[in-house]
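Below: one structure, written as structure tokens.
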Amino acid sequence: MLTRYVEAASSYAQDIDGLITLITVLVGFWFLVAQAVLFGLIFRFRAKQGVKAQYISGEEKSQKRWVTIPHMLVLVCDVFIIVGAVRVWTDVKQTLPPADHTVRIVSQQWAWTFIQPGPDGKLDTEDDIKTIDELHVKEGATYHFQLLSRDVLHSFSVPAFRLKQDAVPGRLITGWFKPTRPGAYDIQCAEICGIGHGIMAARLFVETPEEHQKWMEKLSPVARAPTPQAEAEQENTPPAEGASAGAGAE
Amino acid sequence: MSASAPAGTDSSAPHGHPEEGFFRKYLWSTDHKIIAMQYLLTGMAMALIGGFTVYAFRMQVAFPGESVPGFGQVTPGAYNALVTSHGTVMIFWVAMPVLIAAFGNYLIPLMIGCDDMVFPRLNRLSYQIFLLSAVVFIATFFVDGGAFGGAWTAYPPLSTKPEYSLTPLGAPLWLIAVALEFVAFLIGGINFVTTVMNSRAPGMKMFDVPIVVWMIIAASILFMASIGPLIAGAMMMLMDQLAGTHFYDPTQGGDPVLWQHLFWFFGHPEVYVVLFPALGIVAEVITVFARKKLFAYKTVLYTAIGTCVLSFFVWAHHQFVAGIDPRMANVFSVTTLLISVPIAEMLFVFIATLYGGSIRLATPMLWALAFLVEFLLGGVTGIFLGASAADIYFHDTYFVVAHFHYTFFPIAFIAVFAGLTYWFPKMFGRMMNETLGKIHFWGTVIPFNFIFIPLFITGASGDHRRIYNYNHFPDLARPELQDLRVLATVALVVLLAFQLVFLVNFFWSMRKGRKAEANPWKANTLEWAAASPPPHGNFAELPTVYRGPYEYSVPDRPDDYWPQHMPG
Amino acid sequence: MTREPTVAEQSHPNYVKVWGVLVALLAVSVVGPMFEIKLVTLVTAFGVAILKAYLVARNFMHLHIERRYVTYLLVGMVALMLLLFAGVAPDVMKHEGHQWKNEAAQKVVRDAAPAAKVH
Amino acid sequence: MKPIATTRSATGIPTGRLAVWWVMASEIVIFGGLLAAYVMHRLGHPEWSNQAIHTNTWLGALNTLVLLTSSLFAVLAHQAAEHGEGRKAARLLLATAGGALVFLVVKSFEWSHEIAAGYTLTSNTFWSFYYTAAGLHAVHVIAGLVIMLVVAADAAKNRELQRVELIGLYWHFVDIVWIFLFPLLYIAK
């Protein structure tokens, strides 16, 4: 149901959309029933000449039934929603399926830096590929992300993936996603982080394995060239805590 | 519990007052009604500021980059300051003063049948501290570096480090203003609770107290119990900002997540603090205009107390994706969905009260029914955000903004308009104009829906909160989304324009409105036993209570109401 | 405004005796931790503190003859603080959890000189 | 000239005392919030015991003794006030105020030494919590001291005697907060 407004491009997007649909159905039903009863009563019992209102205390069992029964049914609907929510939450946020690749996402005042292992597959090695505000991932591969922030709170949010995780300075938070549809999607910052919060846009490119391989080759040999090498070297030290004040956009 | 004070002293004529000048009578008064008016007018003035800030930043969202008439170019820094000020002003300086302090101060002594609050001077002091907090807050706009721009939640380290927030003076001043406001409401709350506990009219038992008084007391207790840790947290933040401590700096043994917990431990009870008085007002208005006894008075009371207790177990649903341990999210998701049940039951009870009624659609009743209609959608969309997994997608998007406006707008405006139009005759001795009232009603409720239904859709499409310019995001720069944003802004401007109708009606009727007698709506509660407007000391003769507040349409009685103070 | 003699008139505990007990407990809470035994320190320092608080509340604040709901209110507020502690500790007290690590805090703990004796 | 509202007592508890209970309830959550935050950090940072060693337990214990004695005077003052002996209550309240002064003197002596030794508010987050918690408590001691002198002045003229009990209750609360601060800040080494 949500795909009418935003694409579903990751493996657990369906689970979250399914839960949202379940909630829409249950909650929509109760909403319409309540509105219908409300407007019905307003119309049915509008003031008429010479007709007095009834005296109903609502304390007797028979009268209170009219409220306690819907009350219980709402409770039952809530149980369904809770079960659905906890199940999807444990899949998305509490389990880490084995990763084909890992990417380190560094958020700072007003830019996203992505550090991906180069051909050798290991992070913190010379051949790491560092990109700014652009993340290239392979369709169908499970990625672990290591999310951290260099200064204030940020939040890594990819609406198309139904992925959102706040980056808290001082913490390293791990999560996973698995892209399923090639294309280019927005990365937004979902936690206010100063005057550049609105311009912290980044793009996420989901490529077929072949395109991804071409991109890797196109970048990594170039990365061999000295200048980016030295620059990658310097940048690549583990993220210094107590980052330099307000580093401007790269 | 019979009142221990002998009845004799109660019914003596209220103590006379030497003739007072303008200053003593209006600015330095200890009369709860004058203090209520001071809170009300300050709240309305701050509502203009809240309205202006939302106009300014919504114009920037709808027409990015263009100069906003009446404000000029909205820079990113100004945008954040406007968003933060809108949120802060609307909750702390409009909703709380008007709903709790203005209605509380005005109604509590009158509705429990006594002449004033137990501590009149303390009551005046709490308003003065509140006024000081409002002045300090307005000052944040004029300090260099501009007003604080880190959202009304002021998450550190953005709020504690000037090099990140770029508002070295704005942030501490904002925090001092909010802390002063907390002190004002702490003192006020103690005054309210002690007054209701001790100064009820003779004969008024626990279940004879009107629901709006119960609700304002529940709100005050909820505020007092939940504000403590945030006052401690605010003190720690102020020292981080000014004294260079590191309470929220992770690299020096502090933790930014601590502030989020302290803030939302207060934050969620806070939304019930403003909701309860609104529910109380709606209950009073519905029973009077449907001429019907409130359905299941005790259920409403026990559900309210249950909601108060449960509201302390739900706070981390604001932090599902904020870096807390994912296992905690399941606990808070369960409690959050559970707390929607008592609130739903209270709404069911109000709807059930309409059954068998004789509903007269005067302006107050229109507002009260509109509150139920709009608040239902607000409550219902909360389930999407309470379910932890769905919140992953919806957190910090405009879906959340639309949800809490469907709850906050009915609370802070629709219920307040219901209360003002209902008690206006008592406050000023004159009736408000019905046609202007209805024009203002439809001119507010219809545009309101045209603002926030589009925002539900843009939120579901991925619009995130506090974004200065959506054109930076290719997926969001789609024309049909931008049209929705423009529609929301235009509807906002229409809504703001219609508020002029209310201001005209309010201030014009105060002087020129049709004369109102003591009990124009034929209601039962005690405030209608006093003259309109009540003199200092309220009642010529302090009333004694014989029955509950909702004895409407009692069979085999000639008229369909039975005031509480009328003997047998 | 003269006060009519409250029922507390008769059941006034002997204040000086209560004070004596409190001072003795203070001595215990100072001496206890000197033995460096963790459990003894916990019991003498914190257990005694709770006991002293109870004595002051009962005898000096006459909570035993005050309306019952006043005690429920005060104890309720303390329970609220325990609830706050329970909800917040997993994130702030611990520096590691499910799929997250508070690296900065762990670094602060590692870098500090090894604690002379673990409290 | 009090309104009739203040004279009523539907709950049987005099309005003044009822208000003090509510003040105490909101103070519990303020101090509770601060101490909960402190305890969480303290358990999370075992290395703080390197800092906590430098707190002077003896002075802490002395201050506890001073406050306990001061609390004794406060409750004796309340007993005197209940018997209508305004002058005696005033004298005992002054003794209580004296205790408060001694407490503040000992604390300023203690703090000046610690600050001179380099343990300032910003030297370590333990010391930040130490000064914030003890500082907030000291502010409450000062507030109690001032109110006590005002109430004692009235009590000496046998006026508003019920206020002696109210300031006594507040003072016992300040004492209980210190009873918990003492082990947390001084003994947890």
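Note that the chains take the letters A, B, C and D in the order they are written out, and that residue 1 is the start of every chain.
Keep in mind that, in the parts below, a residue touches a chain if its C-beta (ideal position, glycine included) is under 8 Å from a C-beta of that chain, and two chains touch if they have at least 3 such contacts.
Quick caveat: nothing in here was measured; it's all calculated off a predicted structure.
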Taking each chain's centre as the mean of its CA atoms, the one lying farthest from the centre of chain C is chain A
Report the chain closest to the protein's overall CA mean, measuring from each chain's own CA mean. B
Separation of chain A from chain B, taking each centre as the mean of its C-alpha atoms, in whole Å: 31
Rounded Å distance between chain B and chain D, as computed from the means of their C-alpha atoms: 35
Distance in whole angstrom between the CA centres of chain C and chain D is 15
Where in chain D do residues touch two or more other chains at once? 11-13, 25, 28-29, 32-33, 36-37, 40-41, 45
Using the touch rule from the top of the page, what residues of chain B touch 2 or more other chains? 225, 228-229, 250-253, 255, 257-258, 262, 323, 326-327
Multi-chain contacts only, two chains or more: what residues does chain A have there? 93-94, 169-171, 173, 241
Inter-chain touches occur between A-B, A-C, B-C, B-D, C-D
Chain B contact footprint on chain C (complex, rising order): 76-77, 80-81, 83-84, 87-88, 90-92, 97-100, 102, 104-105, 107-108
Would you pull the chain B residues touching chain C in the complex into a rising list? 225, 228-229, 250-253, 255, 257-258, 261-262, 265, 312-313, 315-316, 323-328
List of chain A residues in touch with chain B within their complex: 2, 5-6, 15-16, 19-20, 23-24, 26-28, 30-31, 34-35, 37-38, 41-42, 45-48, 51-59, 63-64, 66-67, 70-71, 74-75, 78, 81-82, 84-90, 92-94, 109, 151-153, 155, 157, 159-160, 162-171, 173, 184-186, 188-199, 201, 203, 241-242, 245-246
Would you pull the chain B residues touching chain D in the complex into a rising list? 1, 3-5, 9-10, 12, 14-15, 109, 114-120, 186, 189-191, 193-195, 197-200, 204, 224-233, 235-236, 239, 243-247, 252-255, 258, 262, 537, 542
Give the list of chain C residues in touch with chain D in this complex. 1-3, 5-6, 8-9, 12, 15-16, 18-19, 22-23, 26, 29-30, 33, 41, 45-46, 48-49, 52-53, 56-57, 59-61, 66-67, 70, 73-74, 77-78, 80-81, 84-85, 88-89, 92-95, 105, 108-109, 112-119
